[in-house]
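In what follows, chain A forms one complex with chain B and a second complex with chain C.
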Partner chain A sequence: MNEILDKIKQKYNAEDVTVQRERLAFVTVAKDLAIDAVTWLRDYEGFSHFVMMSCVDWMEEGKFQLLYLLHNPDTKIDIGVKTYIDRENPVMESAHHLWKQIWTYQRELHEAFGIDFPGSPRVDENFVLEGWDDIPHMRREFNTKEYSEKTYFPRPGRKTYDPATYMQEKLYPNQPVTAKRKDNDK
Partner chain B sequence: MNLKDILTPFTAWSRVVKDPVTIKDPLSREGAPRYRGFHDNDVETCIGCGTCEAICENEAIDLVPVEGIETKDGDSGLRPKIDYGRCCWCALCVDICTTNSLRLTNEFKWVDTDPDNFRFIPGVDEKDWYKKEEGWRKPEPNYHFYPQERVKMEELGPEERGDSFIEFVKGYSKEQAQQEADRCVECGICIGTCPAHMGIPEYIKAVRNDDMEEGLKILYETNPLPEICGRICTHKCETVCSVGVNGDPLSIRWLKRYIADQVPAEQYHEILDTKKIYKDDKKVAIIGAGPAGLSAAYYLSLLGHNVTIFEKLDKPGGMMRYGIPEYRLPYDQIDKDVNYILSLGVELKTNTTVDEEMFKKLQKDYDAVFVSTGLHLGRSTRIPGSDHEHVFQSIDLLRKITAGEEIMVPEKIVVIGGGNVAMDITRSLARLQRAKYGKVQIITTSLESEEEMPADREEVVEAREEGATIDPGWGPKEIEIVDGKIKGLHVVKVLSVFDEDHRFNPKFDENQKKFFEGDMIVESIGQAPDLSYIPKEIDEQLERGPRGRYLISEYNQTSVEWLFAGGDIVVGPDVIHGIADGHKAAVGIDNYLNSKK
Partner chain C sequence: MSEKDMNSKVSEMLARSEANAKNSGKKFVRPEDEEREVVAPDGSIIKVNPIYDYFSGARPEEEKPRNGIVEKFLNWARAESIWVLGFGTGCGSIEIPPLVTPRFDMFRFGVQMRPTPRQSNAFIISGYLSVKTLKRVIRTYEQMPSPKYVLALGSCTINGGMYYDSYSTINRLDHYIPVDVYIAGCMPRPEALLAGFGKLKELIKAGKAEKANEYARNFDWYKANQKKIVKDWNMPDYNW
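Here is the complex of A and B:
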């Protein structure tokens, strides 16, 4: 494990090297070198299996973090290659030529975060959200509650009580309620 | 349309006799150990704080009353009801849960034909999966959405404060206050428990938003003595704080102090919109300028009535000034709160003792009278020797210290009492001893054991830090006097203070004895009211409740309709109850005056 981490540090200037457990490690590589590093791991270091690809939204820092998780079936080692891309202009070099299933992952990330992977087949097509007309739903500024309020009808018969006002009414029925009321019929 | 289109619908009938394609649970596969499935709630631990509801992004949770679960201090009596039409199994409700009562089991399969069944109260409505231990719980330890520890309050150390009466609690900085305010989950469980029902979550929010004007407005809605309460309130609110169930409760008291400290007195009229108050022709007399009297005066003058306060002592404040030592509550802070109240047109007559005759005059000259004269008579142990001239009442000594009068400070002192007043006199005398002799030799003993002592825990700890010896669990037996001088106090071991019915009935072991050396003894075992100013014919009309206190309505009206009573003579004793009483009485008096029109 250490050997491969040393090599990737040397070759790709990998930073933030974290050994999560015995056979799992993560490295962070610059955007321009990330696909190179993944290709090198596949072709020269035996990481022939592509496990998955995902994204984390670091909204405050203005970045998306992409993760390519690879597996070496001989040594049973997993390495996650992470890279940061600009959140304002989220474009990443496509890796669909390395493993065909990356098409699907990139299509999903395009839908969920709005990241473009130029050249990736069918990347613009809907993934699961047919007819989606809002901002990408996994971006952290997407307001799930607001969306569900405007999209779905309220269920009849629901009622909730605000603990503070309810307690005052119950415990001091003859006194005015000072707590701000949050009760509502949903 | 061709023939196929016509025939196809009928071909479906051929499937009537076939086995159904969809069946219940084809695989009976268990969820993974940490799978997030249907909820369970330990309803005994849950306090119905509603934080789960507040965090739910999908509004899947309602808080509803549950039969058999009572609303009481620290428990709203409500419990979460989940709508599985909306739940997305994110488990944020579990991760934020203040009591760790809510969890998700790993049961994920449930087939039912009635959609309404998919709304239920976990832990109350019976479900098979409660017996499953596996599922998602809040990962422990160190997985918290808010810090478990409160922001530490900076204080002068025992060395720095030991011989001076300077305020030793420094107060929060802006950063500290905001950081502390950030821990609040805004459940509002505290509001019911606060005697004045202050808008606590709202003013904490104002601290978070750095909006001191808003904060001050919220404070004055229910409490016109925030500088004072921000320092010495008994903070019942903090004992029920939901964040305190697993961690330190919010520093509610210090946050209140923070708001009041930030706003200069000159801005109060502007912020609280009291530059001009229109007065009617109604006159109300208030006897006693303590927390209840001042609070009543404040709200009555906002309601447009003319208020006169009669105060026996030199300055207003009552027990807050003459009972609580300066190191806990500096006099200029009392003045800040009190002067604002007086600035609303309240007339204050100090050094004015109301006696029977004057009381009758007040009855004639005013439309209503509010009595809030507090408990200013010390109770004596009445043990042999307690009539010696060097046996003092703590309350008398505290009053003299405030007034700047000389008091006896010998090298060795014994204090009898385990409440906050006992700690106040212990710590005051310790300061005087250290200033005079450079060392502290004071022993404070109480009937109650260490655990039962009614004093606030921090008072006991701080008294010890300052050099006092606190030796609880002893019953005073006799004061030894040799040649007319006090030698000390004989005590015997206390086995229990209260009997099975929780009545005061101390039991002693006469064989276990101890002798506390001292040149002077201070008794601090409780106070009594002095109501001798109430004329006999009125006193006879006043109904009394338990422990001989005047029976009052929810708006503090006595059975004599123009007479209202509040503060320590009817509730408490503490400041915040007095403030709440004053507010209620003001509303009651206003109702009464309006009904007379």
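Here is the complex of A and C:
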């Protein structure tokens, strides 16, 4: 485990190395080195299984964080290669040539976050939503409640109760309501 | 599958995606729905537009009740054979299989499951409904022969339930297709579903389950609501 992390650090200037468990570690590399690092791990270090690819929206920092999680079936080690890309102009080098399942992951990220992967096959096609015409729905500035109210005819008269307070009032009306519960009841 | 087959499949997919990107102007028409020329059995060439030629474009029509006792007899007969379409949406679809087991046994009420919309007259919307599924639901509902009934199962169909603020699930089912019986709960037990069938039978016998006619009467309103949220409308207005 430490060997491989040292190698990544040397080769790709990996920062922020986190060893989560005995056989799971995450490294952060620069945007233009990320695909290189993934390719090197696959071709030279035996990380032949691609587990998944995901994205985290860091809205306050103006960044998207991409994660490529790889697995080595011989040593049973997982390594997550993280990289940051710009949120305003989200373009990332496509990795579709490494594993074919990356097509689908990139298609999903393109729909959910609006990240562009130039050259990735079928990346423009619909993934889970059909005919979506708003901003990508997993970006954090997308207000799902507002969209739902505007689009789906909300039924008037809907009320929300804090379950704990409501049940206490209904079932044990004589007991005093605790202060914490009172705050929640709005 | 051999490596060669795999590669040829991949190159085929690539070619198709390139073709799609070129025709992005009409991106909602699927390749099988595009206008094309086909060769008839006698050798002549016919132009076909599948969306309009393979379906009837006619609007639904209201069906007037028969005279007095005839309609009563028909309603009694309809109430005793409710054939449910096997179509599950959301978590409620898991409540339907127990009804076919000896424990709940819906067959004793004349209720049974059918595999195709053409053979069924009751449609259970079993829980939350995403826009993507709603499109299929509309298509399926319109293909069912009239008289047809809709049971809405669970709070998601009533006011959105716990998914009321989701961007992809609808809030009120009755704005898109007419609903005869609501069964409240999250999720309702199979007994509640049986009670719902009982209520539906009462309504049919009383001649009040006329929602298919209501759909025909308010067709424009329903279509406007449906088209407001189904953005990639690539089917005819009425799919009968």
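Remarks
Keep in mind that, in the parts below, the second predicted complex is superposed on the first by the 154 of 186 C-alpha atoms of A that agree within 3 Å, B and C clash if a C-alpha of one lies under 4 Å from a C-alpha of the other, contacts with A are read in each partner's own complex, and residues count from 1 in each chain.
By our rule, a residue touches a chain if its C-beta (ideal position, glycine included) is under 8 Å from a C-beta of that chain, and two chains touch if they have at least 3 such contacts.
Everything quoted here is computed from the prediction, not taken from an experiment.
In the overlay built on the shared chain, the residue A:Q175 is in contact with chain B alone; chain C does not reach it. When the two complexes are overlaid on their common chain A, residue A:D133 makes contact with chain C while staying clear of chain B. In the superposition on chain A, contact of A:Y161 is made with chain B only, not with chain C. Of the two partner chains placed around the shared chain by superposition, neither chain B nor chain C is touched by A:N2.
After overlaying the two complexes on the shared chain, residue contacts for A:S148 are found with chain B and with chain C alike. Shared contact residues of chain A, touching chain B in one structure and chain C in the other: 144-145, 148-149, 152, 155, 158.
Here chain A touches chain B in the complex through residues 144-145, 148-149, 152, 155, 158-168, 170-172, 174-175, 178-180, 186, going by the rule given at the top. Per the touch definition, chain C reaches chain A in the complex via residues 10, 13-14, 17, 20-21, 24, 28, 131-132, 135, 158-160, 164-172, 175, 225, 228-232.
Chain B makes touch with chain A in their complex at residues 48-50, 53, 57-59, 61-65, 71-73, 76-78, 83, 85-86, 119, 187-189, 191-192, 197-199, 201-202, 221-222, 554, 584.
Touching chain C in their complex are the following residues of chain A: 100, 121-122, 124-126, 128-134, 137, 142, 144-145, 147-149, 151-155, 158.
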